Each structure stands twice: as C-alpha cells, then as structure tokens.
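Two complexes are shown next, each including subunit A; its partner changes from subunit B in the first to subunit C in the second.
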Partner chain A sequence: MSDFANSLSIAASGMEAQAMRLRHVSENIANADTPGYHRKVTSFETVLDQGQATGEVRLGAVKLDPSELARVLDPGNPLADQNGYYDGSNVDLVVEIADAREAQRSYEANLRMFDQARQMSASLLDLLRR
Partner chain B sequence: MDIRTSFAAQTYAKARPATQPAPGAAGPAGASSGFAQALGSFADTLNASETTAKAAMTGGADPHALVEALAASELAVETAVTLRDKVVEAYQEILRMPV
Partner chain C sequence: MFEKPEVLTIASSLAAHAAARQSAIARNVANADTPGYRAQDLPDFAETYRAEDAAPLRRTRAGHVGAGSGSGVAIATDRVGGGTMSPNGNSVSLETEMVKAADVKREHDLALAIYGKSLAILRASLGRR
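Moving on, here comes the complex of A and B:
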C-alpha cells in the first residue's frame, strides 16, 4: 500500500514543481517590457532523503539568463543614452509561451499519474470487498 | 444433570481455547510489531492530513500538499474500512454457524 502512497506523493511533487515553473514563466512574461530585466531560468533536481533519492522532484536554484539585453530605440525614454537606445529585457515571448505549454503538459502527465494511482488502489480494494 | 448436557459442556470447554489468540500473538510484543503498528501509521496519516488541511485553510500550505494529504488519508481510510468489513463479515459468519 505504501507504493501507492509513494506514487501519490511523487506525482504531487511533480505537479508542485511544474506549478512553480509556470509561476516563473509568468513573472518573465509580466516583465517582458521592464528595462534591464533578465529572464529567470528554472532548473529541476531530485529530492534526497539522507543521501537516497526519493524519486520526488523540486525546483532547484533559479538562475538569471545572462544573454544580452535587447537594445530598444526610444529617444524619448528617460533611460535612453545619447544615441537614443536603452537596455530592454531579454525575454522572448515565444520561448516563454513554449515553456508554459511544456509546463502544462508535464503537469497534466503528473495529474494523470496521480489519478491512475488512485484508481489502481481503488480497484485493488474493490477486489478485497467482494 | 443429564449425562448428555455435561458431555456437551465438557466439549464446549475443550473447544473454547481454539478461539483464543495464540499466546505469542496476543502479548504486547506481538501487538506492537504488527497490528498496532499498522494502526499507528493509520492514525499518523490521518493526523498529517488534518494538519495539512488546517494549514491550507489558513493559507499556510500549498493546494498540492492538501490534495496529496487528502488522497493519502482517503487511501488509508478505505483500506481500514474494507479490512473492518471483512473482519465483521467473518465474525458474523462464525455466529451464523449452526450449533
């Protein structure tokens, strides 16, 4: 029975990690027009319990994308230099949307696993009930 | 007293120990290793899910943790209820035995 409980908690950890990833994607999209904003890159890591991998996943340290900021031409902007350019953000909306879609698919996969573990345990108990 | 009645009483007294639990299983050592442990982990699961539900209502816990804890406690309760039904059914089956 504890295998079912383990798969429930592992699937829940996957859903939690994907939800956090979606949160960082939405931060990136919200700050797409913020001058000088570096997009946040999320990473995943396995959870260790006394040196043993439990199979659960969690979000690792969030890093900032070091790629170059977009140069935006806007002479009227107070941040603009003498050539009329200022540093925008390095957020690419297409990349962010793709990342969000990937997070959604992965979340759905974890949700299905959660549901399947529940269904399997329910049918096992049904067998005992007959 | 009728001889048959006393014979039946004797047989009954002899048969009674068969329904008693084995000496090793009923002691505190046997209980703590098997059934009591299962019951303890069942109570722990329910306690953990109640704590998580309380934390979720006050905004302290993630909804994912709440769903996970509720699913785990559902699993535990279903198992316990099914086992109880099975045990009660077996007991009733014994009571229905023609004597």
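Moving on, here comes the complex of A and C:
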C-alpha cells in the first residue's frame, strides 16, 4: 500500500510542477509586449529529503533569459530613444506555445499515472470488501 | 491444493511487484523533464521468479528481509528502453512509460483476479458461498 501512496504523491508533485511551469509560460505570453521584459526560464529538479532522492519533482529557481531584447522601432512611443527604438521583450511566442504544449502533455501523463495508482489501490481494497 | 496456499503467495508477490513497478514508473513520468534524470525500472516478475526458484517469492523489494543478495529485485537504474537520451541528459520516454504502465495494470489485475478467485474457491470448499 505504501507503494501506492508513494506513486500518488510523486504523480501529484509532477502535476504541481507542470502546472507551475504552465503558469510561468502564461506570464511570459501575457508580457510578450511589455517593454524590457525578460522571459522567465524554469527548470525541474528532484526533491531531496535528507540527501535521499524521494522521486518527487519540483520546479527549480526561476531564471531570466539573458538573451538580447528585441529592438522595436516606434518613434511615437514615449520610451523610444533618439533613433526611435525602444527595448521590447525577448519572448518568442512560438517557443512559449511549444513549451505550454509540452507542459500539458506531461501533466496529462502524470494525471494518468495518478489515476492508475488510484484504480489499482481501489481494486486492491475491493478484495477486502468481499 | 490448499495444504500450503502457494497460489496466494505468488499472487500477492505479483501484486507487490506491480505496485513497486508502478511507483518506479510514476517517478519516471514525474521526472520526464528533469535535466540529468535517468529512467528507472524493475526487472520482470518472471525474471525474479526464475532467479529465486527454490526460495519463497516474498522478496520483491530491496528493503525486504533477506533481499540484497544480488537477486536483481532492487530498483535497477539506467534502464534505457526505447527512448533516446535527450540533450539535457534525461532518458525518460513517455511513450515507453505508458506501455509499461499498461503492462503493470494488467499484471496487477491478474494478480488480484487470481487472489480473489482462490479465496472464492477456499470459501466454497468451506461451504460458505
């Protein structure tokens, strides 16, 4: 039974991490037109409990993408310099959408694992009910 | 038949093996995007069964009493099955994991069906249907 409890908590941690990743992706997309915005980059890491890997996963520290900001030509913008350019964001919508898709796919895989562990423990408990 | 209900022992070992493997698969799926993570897997139940032909089949995990004698039931790391290593050093293939998950579910259902049926036979022989 502890294996199932283990599976459930691991799958839940996976879902939580993917949901957080999706949240950062949506933050990036929402700020795609914010001047000077650096996109947030996330990475996963395994959870350690007293030096031992528990198998759970969590989102690591959020970093900012240091790549160059897009230069946008808009002389009428109050932020524009003397040449008429201002710093846009370095968000690439295509990359963000791809990332969101991957997060969704991984979330569903974790959900399936959760559901399967639940079903297996339920059918195990059914044996007791007879 | 039920002088020594070995069927029940085997069935419960199979169920325990399925549960342990399910846990390993859940770990792989959760870490499908963790850089540097290597997919883990347990050997097939048939392999562990043959390895311990004479011994009872109770040692399905490394933590069990008497385990650790190299019988191959511990969690084997670095089992790259089907999937290739991605650039960030992760060797989990979600497709392979899904296939394994279906396999584990089937294994577990089989074990529980056998267990339940054996209990039903026992009950029938006691005259309590």
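Keep in mind that, in the parts below, the second predicted complex is superposed on the first by the 127 of 130 C-alpha atoms of A that agree within 3 Å, B and C clash if a C-alpha of one lies under 4 Å from a C-alpha of the other, contacts with A are read in each partner's own complex, and residues count from 1 in each chain.
Assume a contact is a pair of C-beta atoms (placed from the backbone, for glycine too) under 8 Å apart; a residue touches a chain by one contact, two chains touch by 3 or more.
For clarity, every value in this text was computed on a predicted model and none was experimentally measured.
Of the two partner chains placed by the overlay, neither subunit B nor subunit C lies in contact with A:88.
Within the superposed three-chain model, A:125 lies in touch with subunit B and out of touch with subunit C [touch as defined at top]. When both complexes are overlaid on chain A, the residue A:4 reaches subunit B and subunit C alike. If you count the residues of subunit A touched by subunit B and by subunit C, you find the higher number for C. Once the two complexes are overlaid on the shared chain, A:43 sits against subunit C while remaining clear of subunit B. Contact with subunit C, but none with subunit B, is seen for A:109 once the two complexes are overlaid on the shared chain. In the overlay built on the shared chain, the residue A:19 is in contact with subunit B alone; subunit C does not reach it.
1, 4, 8, 114 are the residues of subunit A that lie in the contact sets of both subunit B and subunit C, per the superposition on chain A. Those residues of subunit B whose C-beta lies close enough to touch subunit A in the complex are 62, 64-65, 67-68, 71-72, 74-75, 78-79, 82-83, 85-86.
Across the complex, subunit C is touched by residues 1, 3-4, 6-8, 10-11, 13-14, 17-18, 21, 43-46, 55-57, 102, 105-106, 109-110, 112-114, 116-117, 119-120, 123-124, 126-127, 130 of subunit A. Taken together, the subunit A residues at the contact with subunit B in this complex read 1, 4-5, 8-9, 12, 15-16, 19, 114, 118, 121-122, 125, 128-129. Those residues of subunit C that touch subunit A in the complex are listed here as 15-16, 18-20, 22-23, 25-27, 29-35, 37, 94, 97-98, 101, 104-105, 108-109, 112, 115-116, 119.
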